[in-house]
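Below is one structure, written out as structure tokens; the observations come after it.
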């Protein structure tokens, strides 16, 4: 199975770990993530205004080139996933945006939302299956109590993202269970960590990160995993080191024995 | 200003009249205490033509775009879209960019992901 | 374009007494607008609609005919709308054969509570038929008074 | 020669504002056969009706067209009017120029033009009308009430009181419904069980009432006065006639871990159980999903301890066939699932409960014996947060209901008040959008909660509940105070929206009774016929028709009973004369009509006809039983020879309408 893959700006630089272990693990599971030939940064924020067309074009370009390759498009970074998935909804459902975006793009075949956008976790669940993943685990993470941190970008708005129940998600918990560890459910896992304001209002980012980590720790989590480089930064740098925070792909690589092989 | 109000309603796609004033948006908002005007006030003030006050507020830069208000609104009013539209109405004006490139170096730290800067640029300037 | 705007199609709507006629009444009670081109004929059940009536309407110069009945499973007479659905399916393929555009006939299920759906359906249908223009195919010129 | 009179109604300004009624009556006066045409302010008023009767006599009218409101409104009125003047009731046609003309058009010219065309169509039809006489059909003098909650019980009691036999079909092992689970009732605060259980006993002891518990309606055939109903009585594995309700089996059963639905899963019951102490009938039932004997064949403890020998592991479902003259739907409501509202952490903490669960936690027969204790650790809660409108007043979509659930404001005030009264050391917050308390002594009750009991009412909603360290961190908005509140609560109580019971939708299909988009039964007229379904012989009682509290439910239950009594008191019902009719000379005996008839109203007979040269031909022809035919017209279309036609809606009449419209 081969997917088109959109890594995004951060995964090539500060978020290398997310990308590296993500690809290595998928390869070990027999799935190829084929990086799109000419991708551009998605912009990291979905432009909500209906008259914002130019800012949606990088996402449309990625979607159209996956369509041309006849592949589903996998994303890994939460922000990229959020932007690309929502732009895809616009292209499929909003005639105003679709017409204008296509006028700009001048593609050979106009794009109308044909590509299926999957988050890495969805591909893992639907293509590999968490049951099968459990069988492939070489180093079960037994005894570890891990809190899943979803943040805001993966879940909301649920009508467009269709990722999981926006108020009580379970996919990362299922993932943690498949790796042999114990998932810790805590209510703040779908609340925003405040990372966006780290440039603007650092004290607030610190306060909000603290709330998330306190809740996780008080519910028994001993470590946190995330899919978002900004959450990673914020929880780690502004969270005061209360709990170790890691990318979920690193945990996956560890359990599959990919990490030790690479090292 | 009334033209501007219409533009804000149009580009956001929000119909403020759908609001039933339950305040769940402001109850869900994690950045409530950082904002001078709160999500439910955006809806009410746009409806009542008080756009200028919103455009001069600091709250528009404190919204996290976490969409908790959108997700939990019982009437699908989508305040987050309205807040973004007001912010756009400001930064689209000449010399009203909230973030300037020369400010960036001072804000950087070695671990800061690109995502933070990219998103700040997209949110705060045109 | 000028001509298309002036054209006011004649539309006959057959509504079953129990659901759709009540639905049409409800859209009136709620003051929901739809064009005056639509004239409603009350029939006891959608299964009372003889396909002949539709052909007759087209013959006499109707530009569109719509049948509204209870939702499948909710027929007042238990199974009437299932009969109607089958008969209309057969009629549709025959209309194709006769050269009447498929879009000129339509079946919609409208319950007594769906006043808004009734109005929306009629608005949409009138728009479709207006776009198609006048129905010439089955009009018997002998029936014209002049 | 037809002599038709046309009467155009203004309906005050309802019609006259957008239809030029004078122009309509003038235009219609020129139609062939019309000998008189006029317009009047209120045709349905006594003066209007008198005028119609006068003109019938004056002009010798043999056909009447009334251009007015929908025939669903006043067709019957005008038919009666004409009948009194000696004209056959079915010589009247209504042109609907209000609901389907004046109310949907704004432009007077358009409205007038359309009204004229609708009038013409009615005139064209009335030309072909023939006098019809209605037949009669007998009424089976027994009623069926579906649902044994307070609505069903009250309806059954009132019908039985009038001397008619009535069956209650209840899907649970006992009657009583939701009210059995409620602790106290607002605004009087009397105990629900104390006022309900005597009624349950009355129902059981009334010789006109037959309770069929643990049973569901499986099919309904027939029509008003003559329904045939199949009822599936589920196997309870206990012989109802032998069980004495001693309850010994329910104490000895070794299977102790069955969630107790009566207490909403807050405690456990056994596999053999009596739902609660005052159950009616007080008979045990075995839950086949949990009984070890039924699942593995090993156990049999209950059978050993039962001195009455009532246990029967081989019992099967039983199918009862009954006949009724009238059916009452009283299927009630359910609180909606809180699954999609987990911002309130319902699935994450046992201390977040619904209001109905809170009733059980306050009830002396509940899992905590009436002491308010937190489900998580059994401690006494000090800070309680009530959230109103959870899932009510949403804008549709898959999450929540668009309507106000009506009862939540009052029961929340009750909960808050009772909590403060019993436990003065508590802090109670109620988050509301609006407090809606129309009803006798309702607002006074709510004000008492605030003023005398010190309940903190906060205008705003709760946005997030975070369970942490044994507390529930509530984040909410206080709109009047202009702040976001953060409360460390011990319990959160959610006023969940209510929705019709799951069984209502399939039942409506069986009854061919219509429902609204929320699955509440629709009434025949929202104001004037609130307890009747549009389907004749089907009546509505209680919350299946819309959210309502206990007094309203009881009132409606009584009203439904009065309607049923009115029906059952008749020996004969006038049938709809608009029935199918076969022209024997054209019938070729193919049986196509017989096959499509949903009522079995068509039979075939061999009949002698005169042939050529004084011969006799015996032919097979269709005959319609007018007492059974309901007039749907399916047969008329199925008939290949055109022999079958429908009186009142004949082929010729409908075609005449088509012609008039398309002219």
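To keep things simple, chains are lettered A, B, C and D as they appear, and every chain counts its residues starting from 1.
Basically, a contact is a pair of C-beta atoms (placed from the backbone, for glycine too) under 8 Å apart; a residue touches a chain by one contact, two chains touch by 3 or more.
This is a predicted model, so every value here is computed, not measured.
Enquirer: Count how many hops through touching chains it takes, at the least, to reach chain C starting from chain B.
Expert: 2
Enquirer: Between A-D and C-D, which chain pair is linked by more C-beta pairs in contact?
Expert: Between A-D and C-D, the larger count of C-beta pairs in contact belongs to C-D.
Enquirer: Centroid of chain A to centroid of chain D, CA atoms only: how many Å?
Expert: 48
Enquirer: Counting only Cα atoms for the centres, state how far chain A is from chain C in Å.
Expert: Here the centre of chain C sits 50 Å away from the centre of chain A.
Enquirer: Would you kindly tell me how far, in whole Å, the mean C-alpha position of chain D lies from that of chain C?
Expert: 30
Enquirer: Please report how many Å separate the Cα centroid of chain A from that of chain B, as a whole number.
Expert: 24
Enquirer: Enumerate the residues of chain D that touch no fewer than two other chains.
Expert: 343, 464
Enquirer: Give me the residue numbers in chain A that touch at least two other chains, ranges are fine.
Expert: Within chain A, the residues that touch at least two other chains are 167, 191.
Enquirer: Touching residues of chain B toward chain A in the complex: what are they?
Expert: Where chain B meets chain A, its residues are 10-13, 30-31, 34, 61-62, 64-68, 70-71, 78, 80-81, 84-85, 88, 99, 107, 109, 111-120, 122-123.
Enquirer: What residues of chain D sit close enough to touch chain B in their complex?
Expert: 343, 389, 393-395, 397, 400, 433, 459-464, 475-477, 479, 484
Enquirer: Please name which positions on chain C make contact with chain D in the complex.
Expert: Per the stated touch rule, the residues are 10, 12, 18-19, 21-22, 24-29, 31-34, 36, 39-45, 47-53, 56-57, 60-62, 70, 73-80, 83, 87, 111-114, 119, 145.
Enquirer: Quick one: in the complex, what on chain D touches chain C?
Expert: 70-72, 96, 98-101, 103-106, 110-111, 113-114, 117-118, 121, 508-509, 512, 514-517, 522, 534-535, 578, 596, 598, 630-634, 636-638, 646, 649, 651, 654-655, 657-659, 661-663
Enquirer: Could you please specify the touching residues of chain A with respect to chain B in the complex?
Expert: The touching residues are 8-10, 13-15, 41, 43-45, 47-52, 55, 77, 79, 152, 155-158, 166-167, 191-192, 194-201, 204, 208, 229-230, 232-233, 236-237.
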